[in-house]
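There are two complexes below, and they share subunit A, which is joined by subunit B in the first and by subunit C in the second.
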Partner chain A sequence: MDQTLTRWILPLIQVVLLVLLGPLVTGLIQKMKARLQCRRGAGILQPYRDLLKLLRKGTVQSDTSGSFFRVVPVLVLGATCAAATLVPVFFAPVTAGHAALLPLGDALLLAGWFALARFLTAIAALDAGGAFGGMGASREMTVATLVEPALILVIFSVAIVAGTTDLRVIAGHPVGMRGSFGAADLLALFAMLILLLAETGRIPVDNPDTHLELTMLHEGMLLEHSGPGFGCLVLAHHIKQIVLIAFVQALFFPWKAANTNPQALVMGLGAFILGTLALSVFLAIVESTYAKLRFFNLPQFLSISLLSSFLAVALRLL
Partner chain B sequence: MGTRLSAKSIQKLLSGRMGDRAAFLTGPRSQDLTVRLQQKEDLLAAVGALINDLGMGLAIIVATDERREADGDFKVRYIFEPASPLKGPLADLFVTLRVSLDPGNPRVPSITSLVPAANWHEREMRDMLGIDPEGHPDPRSLVLHDGWPPGLYPLRKDFDPKMRPEKLSAVEFPHLMIEGEGVMEIPVGPIHAGIIEPGHFRFSSVGETVLHLDARLFYAHRGLEKRAEGLPLDEAFYLAERLCGACSVANALAFSEAVEQIAGVTVPPRAQCLRTLALELERLYNHVGDIGAICAGVGYHWGTSAGARLKEELQRENERLTGNRFLRGMVFPGGVRYDFTAQQMAAVSTITATLGKQLEELMTSFSYNSSVMDRMDCTGTLSAQIAKDLGVTGVTARASGIDRDARRDHPHAGYAMPGAVLPQVVTKSSGDVQSRVKVRVAEAFESIRLLQLLAKKLPPGPFFLPLPEVLPPWRIGLSAVESPRGASIHWLRTDGNGCVDRYHVRSASYANWPAVPYAALNAIIPDFPLVNKSFELCYACCDR
Partner chain C sequence: MSIGGLWIMLGAYGAGAAVSILGSRWGNATRVLGHVALLIGALAGLALAIQRLTGGALQTAIHVELPHLFPFANLVLTLDGLSAFFLLVVSIVTIAAAIYGPAYLKAHSGSSPAVEVLGINIFVASMALVLCAGDAMTFLLAWEGMTLASYVLVVSEGKKSNTRAGLIYMIMAHAGTALLMVVFLTLAVHAGSFDFAAMRTAAAALSGTERSVLFFLALVGLGAKAGIVPLHIWLPQAHPAAPSHASALMSGVMLKVAIYGILRLGLDLLAPATGPLPPSWGWIVLVLGAISAIIGVLYALQQHDLKRLLAFHSVENVGIILMGVGMAMLLTHRGGAADALAALGLAAALLHTLNHAAFKGLLFLCAGVVQTATHILNMEELGGLARRMPWTAWLFLIGAVAISALPPLNGFVSEWMTFQTLILASAYLRSGSGLVVIAVAAALALTGGLAAACFVKAFGVTFLGRPRSTHAAEAVEGAPSMLAGMVLLATVCVMIGIMPGYAMVLLDSPVMRLLGGVGPSQLITARGPLVLLASANPGTGTAVSMTAAAVLFGAVALVAWGIVVWPRALARRREPTWTCGMAPQSRFDYTATAFAKPLRFIFALLYQPKRTVRKKTGSTPYVLSQLHWQSDVVDLALVHFYNHVQAGVTRVANAIRQRSTGRIHDYIGFVLITLLVTLLVFGRG
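This part shows the complex of A and B:
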């Protein structure tokens, strides 16, 4: 019974939680941004309403695109959900080790699932034949080449201490529960926060609220999609955001339930909620106080992340 | 060139060159000069003298179909204004060169290679009246779009505006494109994602670098000039006021001043001052809204919201003052429709003072935010030379170092009154987005200053002067008004019944649109929306 609970039921609850709460985090950030701009803003449930609206709509497809184009949104959503299985939300058994967990994959696979989703989105954008899709795809890929190495280095900097790249083990590892932050942790966290902005498509890297097609990165790739397919891609983006937020917490603030004790589970969930709120506030504040960077200045900005994650790894090894 | 230009000195120069092949008259206004060229071949020499020897610039070109009148011809009037020295003030003067063309085969030498600013005017004249500017470098149509039957000229008098021409099968418009390895073509519009007006932009680019931009407008062409023909002036006024939304007061005022010139009346001082007040209120809400729009262009959300909020407050005040958010219905030929009470004047004082403080706050957070300033610095640079060649006007011209403002150079409304407070003309030299924003900000504060001064002391007296029932026939009125986007020039001629014979407008946007592709060359593709917003041009009053 206990085995079923730790191996199947709790991980499943965690994935469902991430999928269901993804839009809520977006709604929360939008609401906070609105308040910071002295606006009232839409309710925090607006992303759910938008998704329902999209699911009810018909689909219009570009003449040049093939049937692959129609499948892509589902594949992207699938890849993102698969990534969601790899991050612990509130439960990470300390003593369990690898044996107690389903062999789903590690943090590198998480980066891989995201890369796959990005690749599929870009391919579909090119397939549609529109100029904006092509521009968006080209820009997104440019950003990805800078983001992905930094992400891997951030993972390594923590994995070196934990001795594994499995996030569920890292989050449950006794060393992971470290009380104090070292310089390496700070550098890696700093790098990760920049990556969080880039990967969630937020200012200063991308502007999620713009209608200006010529400036778009992520949104540009989605322009040719419509109806339920577009809904899948939007949902995938919501999930990606909350997975990344959970990822940051698993690496740096791993206050998770170590066993199935209900009290520990509630504490773990509470810690996750607090951590998510804190990171949402961070995203909202950055987005309200900064302008988007010039596109050609992005490499400079993202290389800060690359450099500090590299330093974090170097400090660990030295 | 050092001395101030006057009709006399220009006449002296031209009569020296043309001899007796040119007749000189005064008009349309008392200080202006009209030159009737007997041979159209003399046009280039005359234009060359005005441009090169006197440093004048093109204001507007008006072509008319006068085949049913005594002369039985087509006429083209090339109207120039002083443009040099770059540092103003300039003489308030218009010089009209008039040529008469063969009614059967109207051709005229193109002046575009001498005066690049004439490009669109000549193409429009070819589209709308079938007058061929011989030697024009661009053979493509401008106003008429694909599928319009060739040989059908909407502004000729024998064209029935009620006719619905058959739409022919269209060939794709020959956009100027760049070919080569890695050169991509990016079509944008005419339908855009945001709620903006229609316009098609064709970029040729390598990666994110813009090689060439071909902008195609006139999707919003409503045939307002044709519609105005034959209408009594008080009815045509409503068309003028509705050329576009954002410059309603400026266009209404320019039309009214043209009508008043024709009627030969002088509007009472109180009306003049109320007109200035409306004009400055319009400039203020536009500039404040534009600053917010720039923030949207760089993705600075806080500034976008703040700008939108301030603009909304101003527009609500507009509605309280005049019953219309766009200040429509205030200015009217003969004066203004309403007088402002002392209470309303006090309200103007209060709201502009509050707004000044709020704008200052916005600008502080704006200019100390390095991420915002960096986006605008050196983006979309328009050189002074190009700005001068294309006859760019308004904020755009001043940001490129051209010291020109119709409020000072062609005084109108209250600025023409003796002892009037004139605005300080602000110029910047670098011509980038940042300069255009800075000029706008400075002008917004200048408008606040003017509004406060006006609200304090308004001359007493009537605010309206009834115009004569029937206006004199065959008269021309010409006026230039500084709208929030630059000088809007209106040319109006009455027919035998005192109704509109021909009405032609060169809006500020019409003058500035051709400069946008040049500014885009100094930007990358993702910065184009920002560059475009820094010009903040209007499609409606350009397309008419």
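This part shows the complex of A and C:
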């Protein structure tokens, strides 16, 4: 029974939690942004309402687009959900990675699934044959090439100490294992927060609130989608955001339940909720206080992340 | 079976070459028969390789003496684990090419079927012979055969640009061969024989410096064939010039033969009898790999010719393979955790060799179908092919996902293994060395991101949107036999992607042959074939189940499709894309040039982009009647090295021409002076 619990039931609960809470985090950030801008804003459940509305609607499809265009949304959702299975939320026993029957939890695979989702979204954007989609795809792929090396370095800066890239093992180690939260962790966290802004498509890298062609990256690619397919893509974006938030916590704030003791589980869940709230506040504040960067200034902004993650690795190794 | 299989394979290739005699009369029959022979040969090669690879890692090599042709050298064929693995790679792509070939060549009546059938059979046979060579003489002869046969294929269409590509290829290839000859002759002098076994013994007695000098000479010689930056310049010109299934073989397989040479010389023939290799070998191979990967993919991004783009990606992938090879060279025979990591690195390199052969072969064959259907390879004139050629489009997409190292396909698996090798090795090496290894890992990540961007461009601009030319608008799907060859390679990509554990058995005997110790199947699939495990010490490291991940991905996508999208498929309207109120036309589609523009801007240092804009105005300066826009990027190696070399050679040649007066007396004078100088310099002995 205990094995079923640790192997199947708890991981499943974690995934379902991520999928269900994804839109809530977006709603929360929107609400906080609205309050910071002295607006009342929509309720925090608005993203759920939007999704339900989209799922009920019919589809208008561009007459130049073909089968790819219809299949891509579900594939993107599939890749994002597959990524969601890889991060621990509140439960990460030390042995999870080493003893699991079919181990899932590798950080590189997580990056891979997100890259696949991005790749497919960009392809669908080119299918509709509008310049906006192409521009969005081109820019999104450009930003992604700059994000990827920094992301790998952040993962490696933690993995060098843990001896593995398995997030369940990294998050499951007692906090004492890595010693105190040192300079290397701080630099890597700084780098990761920049990447979080870029990957969740937020100011100063991208603007999630606009369809103005000069500023949009991710939204530009979704312009031609509609109905349930668009719903899948929007849901995938919500899930991606919360998965990344969970990913930051797994790497840097590994306060997870190490066993199935109810008290530990509640503590782990509480830590996750607090961490998610803190990062949502961070995203909302950054988005309300910064202006969007010009696209060709992004390389400099992202190279700060690359540099600090490289320094983090250097501090670990030297 | 073993020796028989070898003879069947070579016999079939020989028969295929012989069929070309019929060429002038019965063109079609020649094509079909020649490719059937090629198929039989490749199947025999596949059976032979699989039997050798799965038959236990420690079985002795197959040894065959060939007829005695030279007084100074015996010709010997030896098939050990390493040869067998590369023979497997060659055979898989050859099978696909042989199925694909006849229909493709029939549609491209550019050259005589005799030449093509002869060329491709001899080409594949020479590659197999290089891999099976048991002595330096056979190796060099087959190596030269491979070069010449592929040259014939490059120039077979008889266009002027192809001739130039062939010329550059010949120069580079022969410069490489010359270096290889120096290496082998030096070894032969020490060994007193051309036999590899004797050379291995003789090399053990070499001093460290001699060993390193020979290795680096060989690395340059083989690197010219493998397309290592900066020796890559011939590759993007020559590979696209050949017929597409021959391009698939050149890019997917011939480069691997050079990788085989690097492994054979670096880790086998020239390796010290005991102890680790000199550290400089591993470091240089590693750094060359990183440079090749980044430069290759960056230049690929700016190509608009589909086959040329793919050829540049071969440079990138050779770089990725060399990263694994470099790590193996660096860590082998250092004991304990390092040995396990060396095995992991070599396994990653070998698996990527197989993977790259599969997806690059697939992509070249897809490009061939596009060429057959439209007679265009310039992406800017294509577009919208997916609706006319759905099979090709989906197969190209599989290849694109695989080459971009995205899960759940095979490219991800081998890059994952390379990443794991790099991270574990940097933790093992620590300090500055560890940091260099991490920098290589960051380079690999950058490469992956750029490759993904490049294939969004290649796939999106070629297959999606609206057709940009009438040829593209009237394209038709390729012949079933062409598609069958492509499906075969796509299946390999998918199978290795979702069930990589089962492929590890194939890597056992080459890895154990080169590094000793335990094979990858015991290291990487220690926890069963469904789990990949990368670890330096037992009980640590990273485990991941690609199978479970792929099943999850597929299940979620299917459920989402079944519940959400499909039930509402009927409520779908088709409307034109909104283009700000204008009538949509193909000029609104994003072009390849535009797509790659941000990256051209960001990496301007490497591209040195040049742009010329010529405007012609009408009666007023505000109305443009004509606009000419041209944008170019340069290949740094070409501009900063080869062009200078070429200019130097031309200057010398011009100087000689000025002094060539045509009078016999002068020439006799030159000969006398040369003789005198020669006698003064060398005649004292």
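In the analysis below, the second predicted complex is superposed on the first by the 305 of 318 C-alpha atoms of A that agree within 3 Å, B and C clash if a C-alpha of one lies under 4 Å from a C-alpha of the other, contacts with A are read in each partner's own complex, and residues count from 1 in each chain.
In this section, a residue touches a chain if its C-beta (ideal position, glycine included) is under 8 Å from a C-beta of that chain, and two chains touch if they have at least 3 such contacts.
On a predicted model such as this, the values are computed, not experimentally measured, just so you know.
> Give one of first, second, both or neither to describe whether A:M135 is in contact with subunit B, with subunit C, with both, or with none.
both
> Name the chain, either subunit B or subunit C, that contacts more residues of subunit A.
It is C that touches the greater number of subunit A residues.
> May I ask you to decide whether A:S303 touches subunit B, subunit C, both, or neither, giving the answer as first, second, both or neither?
neither
> Would you check which partner chain A:C38 touches, where first means subunit B only, second means subunit C only, and both and neither mean what they say?
first
> Check whether A:P204 is in contact with subunit B, with subunit C, with both or with neither, and answer first, second, both or neither.
first
> With the two structures laid over each other on chain A, which partner does A:F156 touch: subunit B (first), subunit C (second), both, or neither?
second
> In the superposed arrangement, which partner chain does A:E148 touch: subunit B (first), subunit C (second), both, or neither?
After superposition on chain A, A:E148 lies in contact with subunit C alone.
> Once the shared chain is lined up, is A:T260 touching subunit B (first), subunit C (second), both, or neither of them?
neither
> Should A:L293 be classified as contacting the first partner (subunit B), the second (subunit C), both, or neither?
A:L293: touches subunit B, not subunit C.
> I'd like to check the shared interface: which positions of subunit A are touched by both subunit B and subunit C across the two complexes?
Of subunit A, residues 131, 134-135, 138-139, 295-296 contact subunit B in one complex and subunit C in the other.
> How about subunit B: which of its residues touch subunit A in the complex?
Listed in rising order, the residues are 184-188, 192-194, 207-208, 295-302, 304-306, 309, 369, 371-372, 374-375, 379, 524-529.
> Which bits of subunit A are touching subunit B when the two form their complex?
By the definition above, subunit A touches subunit B via 33, 36-39, 131-132, 134-135, 138-139, 203-204, 207, 209-215, 223, 287-297.
> Would you mind writing out the residues of subunit A in touch with subunit C in their complex?
Subunit A reaches subunit C through residues 55, 58-68, 70-71, 73-75, 77-79, 81-82, 85, 97-98, 100, 102-106, 108-109, 112-113, 115-116, 118-119, 122-123, 125-131, 133-135, 137-139, 141-142, 144-149, 151-153, 156, 159-160, 163-166, 169, 224, 227-229, 231-232, 295-296, 299, 306, 310, 313-314, 317-318.
> Subunit A touches which residues of subunit C in the complex?
The touching residues are 384, 386-387, 390, 393, 397, 401, 404-407, 412, 416, 419-420, 423-424, 426-427, 430-432, 434-435, 438-439, 441-446, 448-450, 452-453, 455-457, 459-461, 464-466, 530-531, 536, 539-545, 547-549, 552-558, 560-561, 564-565, 568-569, 571-579, 584, 586, 588-590, 594-599, 601-602.
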